[in-house]
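Okay, handing you the structure first.
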């Protein structure tokens, strides 16, 4: 494992630096993960060799760009086992993907009194778009309670289901606590009342296997930069029939069939939802990232991440005054904690001086923080390139903070 | 000039290649312009040294990323002389910037019977979003006629103005014909009836000086990849008072002040309109591109581009059966033409075999094509790195096409 | 392959002077074909009786390749049984995407050279997709797009 | 600068046991301060009479820096004239962004070390922005945000 890990870390030049005179220990992977060299190369090569606008050109560069762009769509559709590549809509990120669904599907289908159920732990990206559309349509948003472990209260969900419920939204992997939610079961329950299921998969591609057909989800939103890919690119998976029936979201070039001031007709999938010049380099970078992930030995990577999580959990539990928030049985390698001696923000500053990059705050999950009665947490989140040594430094930094405050 | 040009071309590795065994002559700059090395380096360096999510981190990388991101906002606001940097909203492109205005401003302000006037020559990106919002609000969209030269019929515009008109939308530089529209005059006329003016500046940053305060525009949309910057990033300029009064567009992280299932409050500018993880590397690349443009000797670059336009116009006018569409007095370096011997699409293929990349088709301006009674045009568009030799090859290719067809 | 092989005399001829380029008021089946990326459009009209395509005409506007393709196609299918036209559609479709050799297609063979020009394959197949749309559609008219080849029956 | 200089004893003390940390039912001016990026919130309450700040209290939740800053600030302004508090606001604000030396600020000086920690400056200034908002607002209450420092009077 060590040799493998060393080779892996070599792919991430950003890790090879010191901050405040200390070795960088990057544990902010749930905010954004670093990109390996093949991703940087793929984008750079595109700009140096094939850069052109897609879809509309008869010249070679444009054809090359279009071919690479559409090949990336196929890569992503295979990675999550979508039925058709045109079920993948490229967006600028996970947030936009959810806004697309809320606006287009929600705007066309929600009626006054209809209900959208969202887990109490959702990221603001899967709450606010629904609040905006609820205001317009008169639909009602209801939070699905969580257990103290951070797991979804499935009994409560069952009790909330009725034929007023039109959509259930839940994240696959919780960015704040790490909880992996039982999507298949949630889908089964939602289907029993005919509700659609949108899964916020922002944290998924780097952490769990995703098979949208096996999961049975209707919509699945993704983020490139959380999956070893570049910033500024994400994707929405939607079932073909649903996407076909939905009105366009944004208007512009490429998403139309014909435009006139009298009447405009729209293009087919996926173009209908992709107006304007897409982030071609970004999409190519994302495909390179997924190819890179697919090339790793998935079993040993999983074991490695689990051992990091176990190690960190154990060490944190040892320190007096530290409380881990989120103790689900199924977790991604994320530990969120509070202490009785320091505010998470102060911990963040002290850790930073030790070279340790963590996140402190509400992690864009204010309702979740409120649910656990904390203003925020300190969160360490791990990626393939993290090591046990990283955890040792984290714990040292935490002990140093305790020295200062306690 | 030649030495200057050679040095300039060295900054664009993509130009140094052959296609179909011929030197690449890239004349598809209005679709997307190539990126100089400093832009590629800026993005690559970000990913290798500072990559982190912005705004929410207490650690050094996040602070560095945030500083660079906000510095880029200042660069862009200075480039177009905005009053405040928070009047710049980053988007994924020009198309999204216009959608933001149509949806947020239009959705909140347009009433049944209100009018939005758009030039007959607008890009689909500045037509379709308005059609979508018109359908929802009952507003009416009316095309402003064009003269045969491609210039806006200002008399006709004057006659159309009334207090029903709430917004006038026009592009600064026409991507299809090259026409530079007299924005100051249009703004004066629109203001006389209290209408706002949205200028589609997709083609501007690379081609004309932009001073949003001097122009007096209310909204100005921009595209990174048409200004020597990367794909997947663009910006909207909006006057502070207007942006402050507008409701949010997309919902998500960073655009909120507080979120709860009962009530969500929104953040201040610019964050209110920037939910989710932005394209940090892209924004940094765009700033690098504008710095690069600002570092060029603008007078000699202007003269060079004008001479390319004059040269191409003259040569094309010499060939029998060729007709240039778009003969405005003020033009960016774009020539659009049709022939009586070959369809634009066929010209595109033949040119490509000569190494010449042009665009053939409707250029996302179907109503404009219809106005000129053509199904599409062949369009050659020039950037700083093009040369007279490029035009000679273009003309040779056109003569070859004539051989085949005539 | 050089340009002369793409723009063979027969293509140039049909591009310049398309056959069956007229309206067919008595059409029993029609379809619109659009290439949204370049704006090419063709309107295909068929008169089918007792399983035979008695007349096939088109109008619209497009490049030399799409015009020649529509012109040659209408010539080829006129007088044919619907099933035979469907077979021809499939053969043509296969030939234009295949790497190796396929069934010989007679005069239509000249269109197959376009496969060396990936950006132009859609021009050559536009009329053919319209043919399939017109024949398959339950309705009297249909619209197809080169982007998916999917049939959208008119409301 | 090392961490001990940031987390001086006086900051730790005021962070742990904030002074004037209570509701002020008789408040004449109040303001909410939010740091939307980390979720820190303080609620500042003033009782102003005849141009003098007779009482200043706060509640809410935040880190050691923002809590200590609010605690120290309320101590510093209690009993001061409104104009003097405004001068203090400006001096503090200048000191915390300045590169060189500025006016000595007495006990408040301990907060100025935070300028070496750019991500934390907003924590130290949150209470102060709330002070300005409370004093400037025509209304009885206002909300400010660290992102722009702009005052949003309540509807």
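Note that the chains take the letters A, B, C and D in the order they are written out, and that residue 1 is the start of every chain.
By our rule, contacts are C-beta pairs under 8 Å (C-beta built on N, C-alpha and C of every residue); 3 or more make two chains touch, one makes a residue touch a chain.
Owing to the predicted nature of the structure, the values given are computational and were not obtained by experimental measurement.
Engineer: Name the chain whose C-alpha centroid is farthest from the C-alpha centroid of chain B.
Structural biologist: D
Engineer: For chain B and chain C, what's the span in angstrom between their mean Cα positions?
Structural biologist: Those two chain centres are 36 Å apart.
Engineer: Take the average of all CA coordinates in chain C, do the same for chain D, and state the distance between these two points in whole angstrom.
Structural biologist: 75
Engineer: How many angstrom lie between the centres of chain A and chain B, each centre taken as the mean Cα position?
Structural biologist: Taking the mean C-alpha position of each chain, the two centres sit 31 Å apart.
Engineer: Please output the residue numbers of chain A that touch at least 2 other chains, ranges allowed.
Structural biologist: 56-59, 62, 254, 256, 258, 345, 348-349, 360-361, 366
Engineer: Return the residues of chain C touching two or more other chains; collapse runs of consecutive numbers into ranges.
Structural biologist: Residues 37-38, 119-120 of chain C touch two or more partner chains.
Engineer: Give every touching pair of chains, nothing left out.
Structural biologist: Every pair of chains meeting the touch criterion: A-B, A-C, A-D, B-C, B-D.
Engineer: In their shared complex, at which residues does chain C touch chain A?
Structural biologist: Listed in rising order, the residues are 34, 36-38, 118-120, 145, 147-148, 150.
Engineer: Which residues of chain A touch chain D once you look at their complex with the stated criterion?
Structural biologist: Contacts found on chain A: 342-346, 348-350, 353, 360-362, 366, 369, 375-376, 400, 404-405.
Engineer: Please give the residue numbers of chain A that touch chain C in the complex, ascending.
Structural biologist: 55-59, 62-63, 67, 86, 254, 256-258, 267-269, 271
Engineer: Hey, which residues of chain B end up touching chain A in the complex?
Structural biologist: Residue list for chain B touching chain A: 13-14, 17, 19-20, 24, 26, 28, 31-32, 34-35, 40, 43-44, 47-53, 56-62, 92-96, 98-99, 102, 120, 123-125, 127-132, 141-143, 223, 225, 230-233, 248, 250-256, 258-261, 264, 275-282, 345, 348-349, 351-352, 356-361, 364, 366-367, 370.
Engineer: Please give the residue numbers of chain C that touch chain B in the complex, ascending.
Structural biologist: Contact set of chain C toward chain B: 2-4, 6-7, 12, 15, 37-40, 61-65, 67, 117, 119-120, 123.
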